[in-house]
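Presented below is the structure to which this report refers.
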Amino acid sequence: MGAARYMEKDALPAWLEAVGKSRLVLAPRLQGKSTAFLPFDPSKGVSLKGLATASPKHALIPRHETLMEYQYTKTDQIPPRTGLEVRELIPDQPVLVFGARPCDARGFTVLDRVYDAGAKRDIYYCARRDKTVVATLACTEPADTCFCTRVGGGPDDATGSDIMVTELDQRYILEAVTPRGEAFLLEQQLPDASEFAAKAQACRDAVRAAMPEGESLLDAPDKVEALFNEMPFWDEIAAKCLSCGACSYLCPTCYCFNITDEPKGNKGVRVRSWDNCMSFQFTLEGSGHNPRATKSHRMRNRVGHKFCYYPTLHGGALSCVGCGRCIAHCPVSMDIRSIVSKALVYEKAPKEHTNV
Amino acid sequence: MASRLEELKAAVRKALPDLDVVIAWAAGPNSLEHTPLFITSEAEIDLMTWDPRCSQNLAGYLPGLRGKKVGIVAKGCDARSITELLQEKLIDRGQLTIFGLHCQGAADPEKIRAVAGCGNEVESAEIADGKLTIVSRKGTCAIGLENGLLAKCFRCTGADAQPCDQFIGEHGAPPALTDAPETALDRLEAMGMEERFRFWEEQMSQCIRCYACRSACPLCVCQDHCAAQSREPHWVDQTDHPREKLMFQAMHALHTAGRCTECGECERACPVGLPIMTMKLALNRQIKTLFDYEAGIDPEKTPPLFQFRETEEHIKERKW
Amino acid sequence: MSVLEGKELRIIGFLCNWCSYGGADTAGVGRFAQPTDLRIIKLPCTGRINPLFVVRAFLNGADGVLVSGCHPRDCHYTEGNFYARRRLEVLRALLPVMGIDPARFEYTWVSASEGQRWRTVVEKFTEQVHGLGPIPAFNSGTCLDACLSTAISSAPAHAAIGETHGLST
Amino acid sequence: MNIGVFVCHCGSNIEGTVDTAAVAKAAMGYPEVVFATDTMYACSEPGQAGIIEAVRNYELDGVVVASCTPRMHETTFRRTLERAGLNRYMFEMANIREHVSWIGKDRAANTNKAAELVMIAVEKLRQNTELTAGEFSINKRVMIIGGGVAGIQAALDCADGGLEVVLVEREPSIGGKMSKLDKTFPTVDCSSCILGPRMVDISQNPNITLHTLSEVESVDGFVGNFNVKVRRKAAYVDWTLCTGCGECAAKCPSKKTPDRFNEFVGTTTAINIPFPQAIPKKASINPAACLMLTKGKCGACVKVCPAGAIQFTQEDEIVTEEVGAIIVATGYDLFDFTKYGEYGGGRYPDVITSMQYERLLSASGPTEGHIKRPSDGKEPKDIVFIQCVGSRDKSIGRPYCSGFCCMYTAKQTILTKDHIPDSQSYVFYMDIRSPGKGYDEFIRRAMEEYGARYIRGRVSAIQPKGGRYLIKGVNTLMGDQVEIEADLVVLAVGAEASKGAPELAEKLRISYDSYGFYMEGHPKLKPVETNTAGIYLAGSCQGPKDIPSSVAQGGAAASKVLGLFSKDKLASDPQISSVTLQRCIGCAKCQSVCPFGAIEMTEFRGMTKASVIATVCQGCGNCTSACPQGAIQLSHFTDNQILAEVNALCPY
């Protein structure tokens, strides 16, 4: 790891406020009954306890962003000569995401493979990505819905982070992971923490060691693919699904979007907004035909995408980071872990029933 | 409790051969809240469970299963949703077998986490002599019902499932609850108009537009064709603005006006915990005073907005 | 175009074609002077009025909404206004919960012959809305993504494309 | 879409307070508008030619006209579009006259408002679709409600035109008010002599079905296909047997029965034929007065009736008539003068109404045409006529002029002189209203040749005085008090809406004014139409009228019906609801609120879906409001169109 700095825990708000002068700071805040990554407000503080209800992915893919503004123009003569003016809006807001968890940060890399894929670069995404520093807080105690270790991550996983933050007694140790993080860290007026690096490392190792065992889901792709035509399997799985979008919208890796024009008279905006494959409209075609007409089809797609299609496209990397939000916040307690486990054992015991 | 569960299992086991599926509850990944169980084979019956953690209203699945022979396990409040669905002819009574239960109250995960601290790995939850007893890895704690039950339990109109084909156990009164906790509606009504508007603006800015509230609502029968997700008609646009989300909440409230049985699924389902029952409660209150009507009580009645009287005794029209 | 700043407020009227729209005509034929704020949207019947139109108008920034139809038992379609009355009474309870002053909304019955009554309704309602002033607007700041989009660098507008005759788009 | 906007000056009606050029300029800024101009009279021939020209030159496929109310000229301009080769429904109107220029003085505000009304018209038009009218067959029978002179004229004209006619009359005989009159102005010819033959024609015309002693119970359906239930009240006489010989009346013991036909001057019997010329000439029993029906003993009539037609057990009967059009000719009723304390409030026997006086004058009346005072049967010498009793008086809610009272009062003074040469008539009047052919000359004759003394002023009091009456009033021309002693006082009572007029209007779904008179389609251009297709007005039900106007309207209404029925099929308004199958979930909420039963639930690939019966749908849109997912939409009033208007007006 590169540069290391530290601060006393109670100095955090002041520091975030200072950083906030030059960039937008997104930190977890308890708002009502849920915790979300919101623009830091000194009067409202931060809540770093546990996992935020919603992931910080909106730092890179906002719930909606205006891709462009357009306007029809007319000349004065009759009939008028008319034209179309287009103004594209590229974000250039520097952002610090503070208090993301390793799973959240790992989620960003899942997005990178899609939006920042060499030749296929999404200018809006990349503009945000380049100006965003991700400071990740290493985990200390897993929730009972956590399963990062089963999908290749871990409580100390630095993948996708620019800075790794470790709690050490009354201090936060900040260690640069990427050049971007390094550069940012060096700008900060914080005391050097090289001396604590080893301790921080040890503390992270301890947490990882203490993680509960669980079968790895890394080799799910083939099994899931094999079930593609097993509709009875998916029917049974999806029976209780409500087809809402809670899982996808809270998920750090779901990146699907919808693009709509929202016209107002002669003007209008083209908006890119979150969409999710659990919704009937997601694959609804203009003809009225829908290739994923039932929630079983849609469930198959969600699981299939995370544990088969995506890995197949991206060198085996799953598009699930095991944060467990989809389990903890599902209105009917769907459990993607057991869905995949079930898939893994399906052929073996087709009629065995584990409740999901 | 245990004996009730065995009775219930027995009843389901007996009826299953004549049914395509029975909907019940089973333990799930979230130890404070059970999960729906779709029983199609004998073996699955043993996964059934019944205790205060069976908070979910299973009636919402029924319209989607129309045409099948369905059995459903229902609490008092769930049965009101079933009644409403029957009333609107969205399900067929003949195809339905209702296993009715006496409900002592449904546990509120939020409250339990807050009050008892024993959030995780709950092993059992039971209601006995006015206390909700939670046994978890962190130990045992008994909570007064006021601090342990869902808000809807304070509005309980009948703890016994009605209608019902097979009633399990003894009939009984709703949980004896005093001093209902302050609802968002109470708080709202203490505010001035603009303050209320700001309240919703703030709440709606948290909404992630997942539509779980709608998907969980047993009376949102449009589901896949919800007007909130169509361009024809185009009621709400795709932007993330609070205006559009508030518009949707108004839409949900008005579409369920006179039909909503206050089962609370919309709020229970909301992943960010928004008080979206509030508008519906206000409308129900108005409908009670205007039309002396409560949804989900009498399957023979017609929802008040789908009928009229030439002279409305309780409507005071403005004189100009 | 929009309301005349400081002079007018944004007031929308939903009128049924058979009675109230005719009543407004009668008022016009009688040259009954009225405030200029009201903008009338004509509908076949008050039964066509989905209360959500009213909600939409308010959320879009209307300062007042007035609905008017045939007197009870005088509906051209016999029953439309009876249904409307129930729907609008329910709406009346929703508005204050949303933080929209219920006094910004009224519904009434004006027949095609009641030009004088129409004038009175318009005058009283307009006065009532002016008493309340403009409706509170949303702070765009509450929209998180607005924060994320602050300090937008705008690429120069592309040259006009698709020079067509008419707006056949 | 290429939209053209035409902003009408309407001479100075609009231009006077709206800058139409500015409105047109603003309109050019609206979406898809490629042509906009102001025009002097859009509805005029050159105005319409201008629209057609623009449509051709600028390839317009939609037109907005900003002018008067659509109720005035919508159809005019729809036809213009058709002549220009466009679909008539690709048109919207902005009402900037009745709703803008005529109600506001502030030119800036008006102009801005007008521009916005054009804007929403454009926004709505952008989502209009080409519609083509469907066709439905019509039932070429006509019902006429009311058998007064207007109804009779309408019935005869329709019947002569070859239509089947159903004539419904509330009283036992047709004839209405005119049959009670002795003579008519200004010709002073015998009322029953001119009406009588017409009444006979009715009874003899094979095309006319007559329901007297009958009232309309309910009306369903719509133009071309109305379904009317008529209640035939029990006459307690089998009219198929009754020959109208009158034996029964001669023998009926209850002679003290109040005589409705004679305005309660004198009495009649419980069973009677209202008057000699009655059509149908059938006896009927007044159940309130009949001893048999009240006390259960008597039956004198049964004994004498040669035809054995008496049936005490008879009950009301409901007959259903299916007709394609309805003419309403329910006439008027007389103002109840007892509201006026100063005229004795009904306490003085010799203070009577003009209609009662007509009965005294009538040879077929209770006094065989001899004028006798009700109190003592003496012949009056000094007679005072008071006009505007219940007319032109705000204080009792009758601000309007009844129109014909001046004339009949003059007539009555003339007849009085004829009957009693040594009599003297006095007339208290406010103004003389005598427009019409030969009317004013008639008044002059009453004054000059017949010596009726006209006093301009109101009467303040009538006081009994030694068997006569002292009438105190003011002469506003002389500016002094007048006191006249008279034997008889005749009050020229005004006309008011017929009893039960509002209830009937509600059954027919037509509108009525605050006095209960029915609303015509347009005060000038549609005097006998109503806003409900297939329902027409004739005579005083629309407002007080004299005989010639009533007859004219009866004929006019008949010609409207004949015109309507000249086609074999009617075009149905295509602005009706339709269902998007993919979106419909078959919850049947639309069906439950449709007032016309125009929605049926059908099977589609095993799913239940709503479907609209095009010829039954009337386009109210109640279904669209009830459908949560917006699967059923009323064309040209779709959710998106109304939302577009709202969004345009409130652009946040």
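To keep things simple, chains are lettered A, B, C and D as they appear, and every chain counts its residues starting from 1.
We adopt the following convention: a contact is a pair of C-beta atoms (placed from the backbone, for glycine too) under 8 Å apart; a residue touches a chain by one contact, two chains touch by 3 or more.
Since the structure is predicted, the reported quantities are computational estimates derived from the model, not experimental observations.
Ranked by how close its mean Cα position lies to the mean of all protein Cα atoms, the top chain is C.
Looking at C-D and A-D side by side, the one with more C-beta contacts is C-D.
Note: centroid distance subunit B to subunit C, computed from Cα atoms, is 35 Å. Taking each chain's centre as the mean of its C-alpha atoms, subunit A lies 72 Å from subunit D.
Work out the mean CA point of subunit A and of subunit B, and you get 31 Å between them. For subunit B, the set of residues that touch two or more other chains comprises 223, 225, 230, 235, 239-240, 243, 305. Shared contact sites, meaning residues of subunit D that touch two or more other chains, fall at 2, 31, 34, 58, 582, 593, 626, 639, 643, 647, 651-652. Within subunit C, residues 56, 59-60, 73, 79, 83, 87, 138, 144-145, 165-167 each touch two or more of the remaining chains.
Here subunit B touches subunit D in the complex through residues 88-90, 221-223, 225-227, 230, 232-235, 243, 255, 302, 305-306, going by the rule given at the top.
Within the complex, the subunit A residues that touch subunit D are 72, 74, 76, 78-80, 264-266, 288. Residue ranges of subunit B in contact with subunit A, taken from their complex: 21, 26-31, 33-38, 40-41, 43-44, 47, 56, 60-61, 110, 120-121, 203, 206, 208-212, 214-216, 223-225, 229-231, 237-240, 265, 268-269, 271-274.
Contact residues on subunit A toward subunit B in their complex (touch as defined above): 31-34, 36, 53-54, 62-64, 143-145, 236, 239-240, 242-246, 248-250, 258, 260, 262, 271, 273-274, 276, 279-281, 327-329, 331-335, 337-338, 351, 353, 355. The residues of subunit C lying in touch with subunit D in their complex are 1-4, 7-8, 10, 12, 18-19, 21-22, 24-25, 27-29, 31-36, 39-45, 47-50, 53, 56-57, 59-62, 70, 73-80, 83, 87, 111-114, 119, 137-138, 165-168.
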